[in-house]
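The next block holds one structure in the form of structure tokens; read it before the comments.
Chain IDs A, B, C and D follow the sequence of writing; residue 1 opens each chain.
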Amino acid sequence: MINPGLSSLFIFLVFLASLLAVETKKVFRAVLFMSLAGVLTSVIFVLWKAPDVAMTEAAIGAGFTTFLFLMALNRIKGKEK
Amino acid sequence: MIMQNPVLLIAVPLLLAFLIPVLSSFFKGAVRFIPVLAGGFNVIAAALLIPQASGSLTVTEIGGWASAYGISLLFSSQMGYVILAVNLTALLAIFYYTLNERDLGSPLAYPIAFTLALSGVNGMIMTGDLFNLFVFMEMTAIAGYIIASHKEGYLGTFRFVVLSSVGSVLFLMATAALYNATGFLNMTLAGKSLDTLAAPFISIISVLFIMALSSEAELLPLNGWVPRVYKDSSGTGSVFFASVFSGAALFAVIKVMLMVFGSRYAYVHQGLLVLGLVTLAAGEAAAFKQTNIKKMVAFSSIAQSGLIIAAVAAAMSSGVLHNGLFSAALFQLINNILAKALVLLGIAMLGQATLQEIGGAGTKKKWLGVLISVGVLSLIGMPGFAGFWSKFFLIRELVGSGMLVFILVFLLAALFEVYYYLRFLQALFLGKSTAPVSSPKPSWVTFILLFVLAALIILIGFAPDYMIQAVSGFNPGGVL
Amino acid sequence: MGHDWLSLWSYLYGPLAIFLVGLYGLLTQKNLIKMAISINIMDFGVNLFIISLGYVPSGEAPIYTEAVRRYLPSFTDPLPQALVLTAIVISVAVTAFVLALIIKIHGRYGTTDLTKLGEMEL
Amino acid sequence: MKKVIALLLFLGLLFFIGTGLEQGLKLGEHNTLSGKAGEIYLKRTVNSEDPATTPSRVGFGRETDIEENAANTVTSIVVGYRSFDTLGEVTVLFLAATGVLALFFTPGKRKRLALAKPNFILSVSSGFLLPLIILFGAYVFTHGHLTPGGGFQGGTIIAAAVLLLYMAGNAYKAPAAGLKILEGLSGAGYLLIGLAGLLLTGFFLENFLPQGKMGALFSAGIIPVVYLLIGLKVSAELSGIVSDYMGEE
């Protein structure tokens, strides 16, 4: 039995991270907060007994997506210089 | 025997699309003809399937799993005609691309997007499973993004991506909630288990579903991408959006409303009716002001989607499925698919963008002017053309069931439509061009494509009874 | 149905709130990349929502192993997990496309700000 | 002021959707599997006479002739019961990779983006990290029917190896044309398996190979084969996207 407090706490953290990702001024920070939200989401998936989804979320949702965002930022910054 | 399986309409284009990158490294030039092959196969396969089908739905199981829990495809003769119309216009548009739009960026992107769009729309029309519908919706959407972005219409595409993503997320939410409450993803079974649920839950689910599908069906909340994307896309691209994608998405809306919500929840269908009428009115009012021709057709396309959805919702809102109204709506859907394709291909061949530029082009290219006029006259419902009959049947059934507000909005919208399309015809034949005419001279093969569409429209205009017979008698029950 | 507020938050309102944060971002943000981030956040919210709908407290992960050899009624629901698996892959596909699109928009117009792009009247 | 309105709208929508859904959903302790499709999948009784009441015959390491014998039920849904969805999903990824390729398309050969300074430690360690990562990815997608993981996760891990190569030195460039061909071939392979099912048994994507013992590496019929193809396809697709993003315009 998982303490329901634990998953609700993590959900609150994801909520907070997404709010920061949306509200923060710097785009780079926003990407990092989004990535954090993704990692925390995959932790919740582990808590909710969905290991397959947790693995996919960590590898694709948090990992690969973050790479894509950072590359996009890099290319846009490179142009502006 | 195996040719009779509707899954081939999805599987064969998929296989051909996967082979495109392989083929392109051996025969570079052959790649352009793969979409033609896929479209041709689909048209023949759909034409062969129709005589076998009846008004009741037949179920084809995928993977051999019982259709209650596995994924299944539905097929009936009415669906067959919609599929035939969609695939035929897609095939003609692809022909047009092969002949006239060769050098647009990456050589792989357009063929792959067209071929997979064919699988996507057929899947959207036929699938009987909610999540499977989501997957095909996404497939069509991404094919649409590629088609929309191909002529550097990046901003319109961005808007399209954002709105479609919102739609797909809402669709997932509704599907998951429905699964949790009923235990099924199969549309029919989920619909059958709805009765025990509270009314607020059902209304929220229905709102989510309608909003989710509204992006591709060009209905109101999420259709902001339409004018921009039409304006920026190539001729083939605009035909795909106006006829192929919106036709399939409209049928998907109709299917979800019919199979999941049936005609038991009058409030759901009344909500949809209002949405359809508002879309109709807003679309016609916006089209009225446009001077860019493609934008005008785009808003007119939005309005037509609204009309069709409103008619379907009216057919379901009285508690039992009103068969006459429903088949008139399907007839209107098919007519709209054919006429929009004809008009948009014609405009693409003219090559000018605005009403001023187009002035008098119809007198210089007489045949093209005549062919475009056939499409336009069918769209506004000129007696003798296909579009007249579907509107006539619609009005007759509406009067029969006494829906006064609907009739009023419909007539007013039709008046608007007649006005701006006649203005377009006037510019086409009587106007004086301000810009020098520099459009490429199309080959005679291209004329055959337009001629096929015009001939179909005129044929249906001569034998409307055959067509209305063919799409009537839809029986959504009898599955499982 | 009686629920304490904590489980209501974690199973229903929390995921919905995350989804709405994404929607809020999509409506208010002017930077294209931040709009893409908002779309991803909406996806997180909906994925959490779907998995929570398949969660059974004190359930097992739906995998048969040496320890769990036979069917138990206390497995978590595998179907929502399969759906989310598909949804995640589709969302990364859309993200890859939309970011490429943003790079192209920036290359063409020199900005990723929606208000500036609107002012250019394209 | 604008923020306040947005906040109110946010809370209103949350309340509206939340309370509406709350009336129909079965949440937390009230959530049961009974009668749901998920239960039928877990019991592997989809094709029984009466799926809801037929007792499950699943036995790890013992029973051989039950209908879908992958130990990981999520896998048996993803590539078994709902394989058609997965075919669509793979296609979506294929389309997106094509779209990215089309957007970054430039006629002629493309150079890659040069990184500021490749990390020394990274370039040294990539030599022995690389085989390990690829091996791990291959393990994940060949064991997808037994343990958590599968073609999508394994494919991503292999794409991470390609990314590592890009990070390790400015000389590396992925073979983009070859990747595209691999994508096409593995996708076509998946479809041909489906069509083989149609020819052999009359159902598209039917699992026509013997099921074997649950828990064995060679079990669950076509599932490992399909997951292998998906793994190849996803790794080629994501690597293709990586190389597109790393390409110079």
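Just so it is clear, a contact is a pair of C-beta atoms (placed from the backbone, for glycine too) under 8 Å apart; a residue touches a chain by one contact, two chains touch by 3 or more.
Remember, predicted model here, so these are calculated numbers, not experimental data.
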*Using the touch rule from the top, work out which pair, A-D or C-D, shares more C-beta pairs.*
C-D
*Using the average of all C-alpha atoms in each chain as its centre, how far is it in Å between chain A and chain D?*
19
*Averaged over CA atoms, how far is the centre of chain C from the centre of chain D? Could you give it in whole Å?*
17
*Separation of chain B from chain C, taking each centre as the mean of its C-alpha atoms, in whole Å*: 29
_Can you work out the whole-Å distance between the CA centroids of chain A and chain C?_
10
*Could you tell me which residues belong to chain B and also touch two or more other chains?*
131, 135, 138, 142, 145, 149, 177, 179-180, 185
*Of all the residues in chain A, which ones touch at least 2 other chains?*
4, 50-53, 56, 60, 64, 68, 71-72, 75
*Quick one: which residues in chain D touch 2 or more of the other chains?*
17, 21, 25, 28, 31, 36-38, 41, 72, 74, 82, 85, 89, 92, 95-96, 99, 103, 148, 152, 241, 245
*Which chains are in touch, pair by pair?*
A-C, A-D, B-C, B-D, C-D
*Can you name the residues of chain B that touch chain C in the complex?*
131, 135, 138, 142, 145, 149, 152, 154-155, 157-158, 161-162, 165-166, 168-169, 172-173, 175-177, 179-180, 185
*In the complex with chain B, residue positions of chain C that touch it*: 19, 23, 26, 32, 35, 39, 42-43, 46, 49-50, 53-54, 79-80, 83, 86-87, 90, 93-94, 97-98, 101-102, 104-105, 108, 117, 122
*Mind listing the chain C positions that touch chain D in their complex?*
1, 3, 7-8, 11-13, 16-17, 20-21, 23-24, 27-28, 52-57, 61-66, 68-71, 73, 75, 77-82, 85-86, 89-90, 92-94, 96-97, 99-101, 103-104, 107
*Which residues, counting only chain A, touch chain C once they are in their complex?*
1-2, 4-5, 7-8, 11-12, 14-15, 18-19, 21-22, 27, 30-31, 34, 37-38, 41, 44-45, 48-53, 56-57, 60-61, 64-65, 68-69, 71-73, 75-76, 79
*Which of the residues in chain A come into contact with chain D in the complex?*
4, 50-56, 59-60, 63-64, 67-68, 71-72, 74-75, 78
